[in-house]
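The same chain A turns up in both complexes below, where it pairs with chain B and then with chain C.
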Partner chain A sequence: MTRRTFGWFAWPSVAVMSVLMVFPLVTTVFLSMTRIFLRDLSSREWIGFDNYTEILQDPDFWSAFRLTMLFVAIVVPAHVVLGFGLANLLDRVTRARGFYLAALLLPFIVTPVVSTLLVRDLFDRGGLLSWLWEVVTGDPFVIHAGNVKWVIILHGIWSITPFAVITFFAGMQTLPEERIEAADMDGAGFWAKQRFVVIPHLRSLIIFVLLITIMDAYRVFDSSFVFGQSVGKSAHALSVYSFNTALNAQIGRIGKGNAISVLMVIGIFVVLIPFLRKSYQEQIADR
Partner chain B sequence: MLKQLRASAGTVGIHTALVIAIIISSVPFYWAAQNSIKFTRDTIRSTPTLWGFDITADPYRKFWFRSEDQSMWQVALFVLALAAVISALVWAARRAETTWPWNLGVALTLWIGMQLFPRVFDMNREFDYFINSVYVTVLTVIISIGIGLLAGYALARYSGLSGAVILIVALAFRALPRTAFVLPYFIVAKELGILDSRLVIVLALVAINQPFTIWMLRSFFMEVPREIEEAAMMDGATRLQAFRMAVIPIMWPGIIATSLFTMLLAYNEFLFVRVLAVTEWTLPVAISALTGGESTTTLTEAAAASVSITLPIVIVIIMFQKHLVKGLGAGAVKG
Partner chain C sequence: MAEVRLDGLTKVYPNGFQAVTELSLELTDGEFLVLVGPSGCGKSTALRMIAGLEEITEGDLYVGDRRVNDVAPKDRDIAMVFQNYALYPQMTVEENIGFPLRLRKIKKAERKQVVAAAAEVLELTEQLDKKPANLSGGQRQRVAMGRAIVREPALFLMDEPLSNLDAKLRVQMRADIAGIQRNLGVTTFYVTHDQVEAMTMGDRVAVIKDGVLQQVAAPEDLYDTPDNVFVAAFIGSPSMNLYEAEIVARGSGFAVEMGANTLALDDSVIADRPGLRDYVDTALVVGIRPEDLEDGAVSRDHPADRQLDATIDIREALGAETLMHFALEATMVDSGDPDALDELGEEGASRCTGRFSAATRARPGDRIKVNVATENLHFFDRSTHLAVRT
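Right after this comes the complex of A and B.
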């Protein structure tokens, strides 16, 4: 394909991304260095890095930062391990496979705001799990500022695991039967087969899943926002902290909210640059 | 004999583990479905009422309808009639040669039904939010896939440096927090006075979804052999004609899979709609407003709302489940 044809085909998409992604990003960086309030957008004052120094001294920022890091650090590995295990189980059954798959997919496809509300109802007073907790420990489970992060993490694992399950399951379908048979012939046990045949085959899928879910877990918003409505700031992850700082009617500090976003952008890039470099080299090598 | 016994014990073990997994994944839905048909008095007891409670459709009626005495029988009849027309069309489509006029027929019937509904019944504002959800989802899917197909195809076939750069920049954009985009959108939209426009929401969703769309469609195009369009171009077709006549027809599985993911994203989106819409909400924002803060909505009504929002997406996904699985497999091949 010539460069010219490429341009004709790719321009609408590239135009949309440039206008609606590059431009907003530049605006975000610019606004992060101004003092600008929600109630009066027209008055802007250039204040350099003041927003940033203020954020770094804000205990709310560090609390949101800790919650986000904890969320990523637990949800990402947990869902990969769980997803791999469940995909393995699915791969070994033939009966009712479609049914299992459909039922396992549910948490992934349902609207996150809705599923958070459902989980909240389960854990709140009068809910099924709250009551089960009471049966076991003697006190009903109640979501409060101290334990809300664990409920958010549980919801995170519950809702993202199906993504790993179907991705790994789809990958296992392409594993040639002969390789398993060859491993059997060599007398490989279950774990040896996983370690030397299945996992190497799924390597690129595992990296793909890690890449996608690190991105998604890092910017977790919906569940943190919904729990924030009932227990307040202790449920806030970084995205919600940024949103709340900028658009909450009482706070409405758009400049500071943008500065938080910029810090988040820097944070994710520090993590992703090795990944991006590797993908770039692969793309160049593929040419 | 012993080996067989061990094998079947293993199978039982696997099925047990899977059943436990699906119980965990569906317990919240079970609980919500149950709450949505209870009377409030059965939801506020200290011990959950698991069975033997009285059943009612009241929570659904309160969520969807304005008037108190809306007869649920009438509604059920209307829904049944609509379902009958659609199934008849689908059934006819299976016997007909071409399918697209019938698909158009199904879409049209659904559309007319949606327009008729608020005329026949006294609907709450929630129905408008439902219409908005459908509008935003359908338009986002059409525009995203439309421009994504062209770009994905070009990126799969072009070997120049700019192609690689576009892909990597798109991947980097996929990683960014949504707040980094939504705050500037909000300010620009407010300054231009285009806040609360459904079209702005659609455009925003198309943009943030574009990186994922082009990556996924590209990986499907990579699996289409070049010979297909080269043969067509030998016969005198232009690149665009070859793309339309030869490549697209075998791309349908990929298009459907990518559309499903785009649909999930648009239908489930909360943050963008919350920020860019003032009154033209979609369902996720509506239910969050219904249940958050000082709202007086009862648990049963919130549960009915949850079930109502979840059902459409579950039906669509179950219909196309195979495509979703295939899509994740293929989408990741070059990931």
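Right after this comes the complex of A and C.
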């Protein structure tokens, strides 16, 4: 393909990408350098990096940042391990597979806000888990500023794991039976088979799941927002912090909110770049 | 290395299908035994029972003196080469071959040595750092063998290992595998549906049909003295021609009547097989190997009472010889070989295949005399299909 024909093929998508991505991004960066309020969008003042310096000195930002990082750092690996394990179990089930699959998928299908409310009710005073907690420890479980992050993380794992389960389960169906049997004959036990046969076979899917869920976990919003309603700022992740800053009716600081978004975009790039680079290099090497 | 004994192995699948019935075989130390039969006759099932990949429904399996029915595959001291090689794609050739050793916690340096030695035998030394995806079919095949031989197992199993190779490479690998096996002296149980492979590679060949063992013998014996109609038809290419016939007294001797054709028999034929006297005036099955047929115009001093009348149908000149297919007025017998059925040709017409000398001038449509070496005829009971040999 010549460069010219490539251009012909590529331009529609380049155009769409520009409209859908570059334009909003530029607008966001522009707004992040202005002082502009939700209640009066007509008055706008150029203030350079003032929003950024303010954010970086805001303890609420750092608290939201820590929560988000903790969330990503725990939810992503935990759900991959859990998803792999469950996919393995599902693969072993021969009867009523559809039923188990549906049951596993449930948290993924339910609207995030609803699933958060569900979890909140479970943990609330009088909720099932709270009651169980009381049976075991003697005290009722109460969500408060100190433990809310763990509830958010648990909810995160619970709601995203199905994605890994179906992806890995689908991948396992394409693993030739012969290869497992060869490993059997070669003397591989359960763990060796996972390590040398199953995981290498799922490798590209694992990377795919990691990439998607890192991005997804980084944007955690619903559960953080819902729990924030009851316990306040300690439940806030970055996206909720940004949302509250920009769109809260009382403050409505659109400029500062956009600055937070810009910082978040930079953050996700920093997290993902090594990843993208590695998988790109591997693709090249495999060719 | 050891003797291996299959004692009445039976496999009934969970759906109730009985794939193998009371299979009994003994492999002597270092022997190359080939199990051959048409597709779907239970060869893989038998092999997988030995490997431990499929549970044995009934019967006993011994490796050496040890009964291994309930031993896990990895502890049976048996290695297997799979039809599709089943290599580990992420590992190099060296890692693939060394994998069983790695699992046995053998030190890296020693592993390297053993793998290098195996690679030498298999002519894979140049390929050690490559991944399976970058190898040819034959090389992958050899890697799979390497992975099996480094363990020095008591028994080597191979399930149609050549079926994914092209015809030319198959001939090459046939010789290679047989050679390597002889070098290593490891007891080998080899499964194939290809009777040529079976005949060329095996010390002994076991023929199986519908899960039931038909005959075990050295290749020559299998060919010369098949126990029944199925083995007679299955072994040899082109297949033996089989017709319904009757033995009749004729003057002082005997003759065989096949439809409109009558062939005089040597006295020696009856003398060697006195049992045939019981079949006089009784329907039986006669088998004629294609090589026992010759164009009457090529070899002229053949007795006229041992000739068939035939009309040439198809001529296949192979250079050294010419395969001639002709119509015969006689009733063919179904040997039970599913692959042979489609050779029956159009309905009603009985086909016969002869392996003529290349000197034959006969052309399709010609009406010719065909010489029959009647001293080499095979006889089988019509209802049991068993050979009449005594």
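Here are a few things to note about the model shown:
Operating definition for what follows: the second predicted complex is superposed on the first by the 255 of 287 C-alpha atoms of A that agree within 3 Å, B and C clash if a C-alpha of one lies under 4 Å from a C-alpha of the other, contacts with A are read in each partner's own complex, and residues count from 1 in each chain.
In this text, a contact is a pair of C-beta atoms (placed from the backbone, for glycine too) under 8 Å apart; a residue touches a chain by one contact, two chains touch by 3 or more.
Keep in mind the model is a prediction, meaning the values are calculated, not measured.
Superposition of the two structures on chain A leaves chain B and chain C fitting side by side, clash-free. Using CA centres, the angle subtended at chain A by chain B and chain C is 80 degrees, rounded to a multiple of 10.
In the superposition on chain A, A:G187 makes contact with chain C only, while chain B stays out of contact range. More residues of chain A are touched by B (comparison of chain B with chain C).
Shared-chain residue A:R179: touches chain C; no touch with chain B.
Shared-chain residue A:F196: touches chain C; no touch with chain B.
Our summary of the superposed model lists a minimum C-alpha distance of 6 Å between chain B and chain C. Interface residues of chain A, counted against chain B in their complex, comprise 1, 3, 5-6, 9-10, 12-14, 16-17, 19-21, 23-25, 27-28, 31, 41, 86, 89-90, 92-93, 95-96, 98, 100-107, 109-115, 117-119, 121-122, 126-129, 131, 140, 158, 162-163, 166-167, 169-171, 173-174, 204-205, 207-209, 211, 215, 218-219, 221-222, 225-226, 229-230, 238-239, 242-243, 246-247, 254, 257-258, 260-262, 264-265, 268-269, 272, 276, 279-280, 283-284, 287.
Interface residues of chain C, counted against chain A in their complex, comprise 51-53, 72-74, 78-80, 82-84, 86-91, 99-100, 103-104, 147, 151.
The touching residues of chain B, when paired with chain A in their complex, are 11, 14-15, 17-18, 21-22, 24-29, 31-32, 35, 43-48, 146-148, 150-151, 153-155, 157-164, 166-188, 190-191, 203-204, 206-208, 210-211, 214, 239, 264, 267-268, 270-271, 275, 283-285, 287-288, 291-293, 299, 302-303, 306, 309-310, 313-314, 317-318, 321, 324-326, 328-333, 335.
Here chain A touches chain C in the complex through residues 176, 178-179, 181-189, 192, 196-197, 200, 203, going by the rule given at the top.
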